[in-house]
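Below is the structure I would like to discuss, written out as structure tokens.
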Amino acid sequence: MIKNYDNWIKKSCQNINNIYHELDDLDQKIGDGDHGTTILKGLKEAEKIFKENIENSLDVIMSIVAKQMRLVMGGSSGILMSIFFYESGKINPYNISLSIVTIFQNTVNKIKKTGKVNVGDKSILDVYVPLLDYLNTDIEIDKNLDSINKIIKSSSESTINMEAKVGRAKFLEKKGLGIIDPGAYSTSIILKEFFNSLYK
Amino acid sequence: MIKNYDNWIKKSCQNINNIYHELDDLDQKIGDGDHGTTILKGLKEAEKIFKENIENSLDVIMSIVAKQMRLVMGGSSGILMSIFFYESGKINPYNISLSIVTIFQNTVNKIKKTGKVNVGDKSILDVYVPLLDYLNTDIEIDKNLDSINKIIKSSSESTINMEAKVGRAKFLEKKGLGIIDPGAYSTSIILKEFFNSLYK
Amino acid sequence: MKKIINKKNEIVDDMLMGYVKAHSDRVKFSSKNNRIILRKIKKNENKTSLLIGNGSGHEPIAVGWIGEGLLDANVVGDIFAAPSGDLILEGIKEFKNNKGVILLISNHAGDVMNGELAIELAQNSKINVSSLIMYDDIASAPKGNEDQRRGGAGTTFVYKILGALSEKGADKDELLTLGEDVINNTRTLSVAVSSGISPITEKKIFELDEDEIFIGMGVHGESGYGRQKISSSKNIIKFMMDKIFDDYSYNKNDIVIPFVNGSGSTTLMELLIIYKDIEEYLTKYNINSFKPLVNEYITTQDSAGFSISLLKSNDIMRELWKEPCSAPYFHI
Amino acid sequence: MKKIINKKNEIVDDMLMGYVKAHSDRVKFSSKNNRIILRKIKKNENKTSLLIGNGSGHEPIAVGWIGEGLLDANVVGDIFAAPSGDLILEGIKEFKNNKGVILLISNHAGDVMNGELAIELAQNSKINVSSLIMYDDIASAPKGNEDQRRGGAGTTFVYKILGALSEKGADKDELLTLGEDVINNTRTLSVAVSSGISPITEKKIFELDEDEIFIGMGVHGESGYGRQKISSSKNIIKFMMDKIFDDYSYNKNDIVIPFVNGSGSTTLMELLIIYKDIEEYLTKYNINSFKPLVNEYITTQDSAGFSISLLKSNDIMRELWKEPCSAPYFHI
């Protein structure tokens, strides 16, 4: 499991590294232009911290990773995006599927509470919730990776047509309409890698 | 004589009003971009003050005019360009030609002293000195107006090929080379009108 | 990029190093973390400490406001990013033995989330800390929803007035009560004239046409009342003051403290002209001004623009507002 | 034009009105002329008065520097234009019964011509006045011709130190002697990063390419050491400090007062980073810094750029430098 997680974080970091400029550009349009730089910084730190703490149990590692991500990222995205990393440490190797549902359920609850955010507000939540809904239909994850990837992709893209009610975009003239939410986009990459690393 | 002077100042003001933008543009290139605005302000004030004090003798009028020009113009050009206006009040109606030579001689002396400036330094002095030299050749002014106008024009244009040793242009990379000195240009207009108003 | 800096990812740390070196007689780094800046000499533990965590890029606020009669500490985030709750917690812990601690929070999502996390963690550690969320920007939420408004330049009144009162030994509750009172009586409206360049993205922070200004725009370019053609100071001030007067009821003989804040490259010449027009507007309504502040205090890099903040004041507020303070970049 | 003003030809008068209104507790107009700004309360006639005439557009200098421990008066010219000698004379006459008067003159042609005229006229009226011509900009004339250099940001040392000494009752000669001493030990070098817009011409004051800076450029865009590609703060500071160190011999254990002045839209963040690099440079040579000044004090509208000034100080200078003063826009 630790190997999968190590791989997940590494791959996420690599993928974000390839497109962080794109994320900055999106955030430039509807925020302050730093989302790519910020999440990349967080993931690089996560990769480093993971390695440094590899002797510990996964939940300990991930709680340290999450805290350090929060610390280096700062802002709204640090505190919100580290939630999934923290929760992910509670995976149960003996019942992965069930524990994943719990992880996503807790992540969604915490994001909602911390971010005072709802579905449709144009944020990372708009990726987590459709995915949780799908996982809640009792599917076998390993046999439905394609569907999962599709849901992740389409739900992050669905933020294009949303008007922001949270984040900096909320204060824009057009509330970010027509632009994909950068946090949702980066989250989609991270979640895709999460499932790929667990099951491939 | 008072009528001629009134006319001189009015005409100068009109002419400068037509081209003060051009003077600002020249000063923009080799100074701080305000010479046209500044000299126009000075001449407008001169016109007003002249009218207000028209009951006085010419030398009294012109000393008040000069002081007010200096006051509203400020900067280097106020103090330097008002000198001729001050000296011009000392014209002798019974011997115009001779007194004009004295006026120009005194103007040149005072500009040199106040401005710490020499011929060739790219300034208003480069208009006054060639003219004074010509006047010193004992010509009859009224019969040589064309030559006078030519000298005024060519001497102001000669500043194009000078490198500034005074004024703001002195600190420029090319020391204003290639650009006519705005102060010399405006002075050429004022002096041309001076002779025209006296003799036409 | 036309910014004089060294490595881009070290801007904030370099700045703080320069700040602490330049004002070593008055401020220092926390021994625990170089993102926590403290007064050189800590006041005794009977003081209710005041601190704030905020993103950088808006200097001199708040890092420049550490000193007697103002802040005890500032926790500094990256450019335009609130510091994490964990870091703010470290800042709060510097005062764990103090009678009380107040964490000021300017109402911006990141600052609130991280601030609240820090408060929760600190309270778990039995530190007597409370937060005070400050808001004043009338363009960011309508009348009736004041507490959803964002923190703008008017938060300065809270910093300064609580700073002075805490110095005199007031306890936390007294400070919080006065703080709420100041917030309730503060209104701010800002206008953007042209964008500065972000040192991170190296791009303009927002776009405005050559003849356009934007009334109510937030510090990062977020919208308010919208774009209009630039006009005279008098016109713009009338438009803005009318909006402020629609939002709060000022009465004859009220005494307000006006604060005209420049956002970076708007010149002091302009700010003073703006102040003149504001005072003339107030005078027409028979409202008096008390010790106004006119300068650049909360900037967004080299953006051009300004904000008007008004505090409808009482005697106590005015007394505290004019108290001297020793912060390197706050001057009354 | 992206400037918030009213009528273009009333900019200076509007600004002064705003200034006097905003700081009515400390400054006022002369009853004779609204271009002469005085302390609200005149010090007694035993004081040697300090004043200066200068063009506007560079605020807060010098109009913002009127107050106890600094200037007694400022005579304000139009944008970038020295006031006429006649107007400066009016300013001097405000102190005609004082023990002595010093007219500070920053070495720029217009200021000198008009200042000298004023001195001549005032001396004719039997006022005990002298001028002190201040220069410091090493890019404007070579070593050996120091007195032909222009007045730059380093003139600030003269204002502040003589301001503090004159407040203590020193007489004119003592002040002039110390003033000369300060001037002889001051060096300034400036760099332009990008041009602001002149409120008169509505155009850029000078032109620089997107990746270019200009070392030694004067406040209106005049040339010095020339253009170079922008590089890191460390590189630029090394280049500039090397030039300053070529010009004046600093020794181990010298104590210098550093002043980093921002010319308008250069951010405080940058100025503090620059200060860090300056202090590190000084430290390498074992030179100590004393109470540095880092902020925007002498600006050229919204131009970007900065200058470095160093005063090699002695005990007396340092004592006077750190004295408090009450001017609305000078803070030590």
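Which chain is which? They are A, B, C and D, in the order written, and residues in each are numbered from 1.
We adopt the following convention: contacts are C-beta pairs under 8 Å (C-beta built on N, C-alpha and C of every residue); 3 or more make two chains touch, one makes a residue touch a chain.
If you're wondering where the values come from, they're calculated on a predicted model, not measured in any experiment.
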- For everything except subunit D, show me which chains still form connected clusters by touching. A, C | B
- Message: Give me the step distance from subunit A to subunit D, shortest route via touching chains only.
- Response: 2
- Task: Find the geometric centre of each of subunit B and subunit D from their Cα atoms only, then give the gap between the two centres in Å, rounded to an integer.
- Result: 32
- subunit A and subunit B: spacing of chain centres that average the CA atoms, whole Å: 75
- Message: Can you compute the centre-to-centre distance for subunit C and subunit D, using the mean CA position of each chain? Integer Å is fine.
- Response: 29
- Express in whole angstrom the distance between the two chain centres, defined as the mean CA positions of subunit B and subunit C. 54
- Message: Show the residues in subunit A shared as contacts by 2 or more other chains, in ascending order.
- Response: none
- Expected list for subunit D, residues touching two or more other chains, is none
- Item | Contact pairs between chains, per stated definition | A-C, B-D, C-D
- Quick one: in the complex, what on subunit C touches subunit A? 55, 77-87, 109-110, 113-114, 117, 140, 150, 198, 200-201, 203, 205, 218, 220-224, 226
- Query: Along subunit C, where are the residues that touch subunit D in the complex?
  - Reply: 1-7, 11, 14-19, 21-22, 25, 56-57, 59-60, 64, 193-194, 196, 199, 210, 230, 232-234, 236, 264-277, 279, 289, 291-292, 294-296, 299, 301-302, 304, 306, 329, 331
- Within their complex, subunit A touches subunit C through residues 24, 28, 31-34, 37-38, 67, 70-76, 78-80, 114-115, 166-168, 170-173
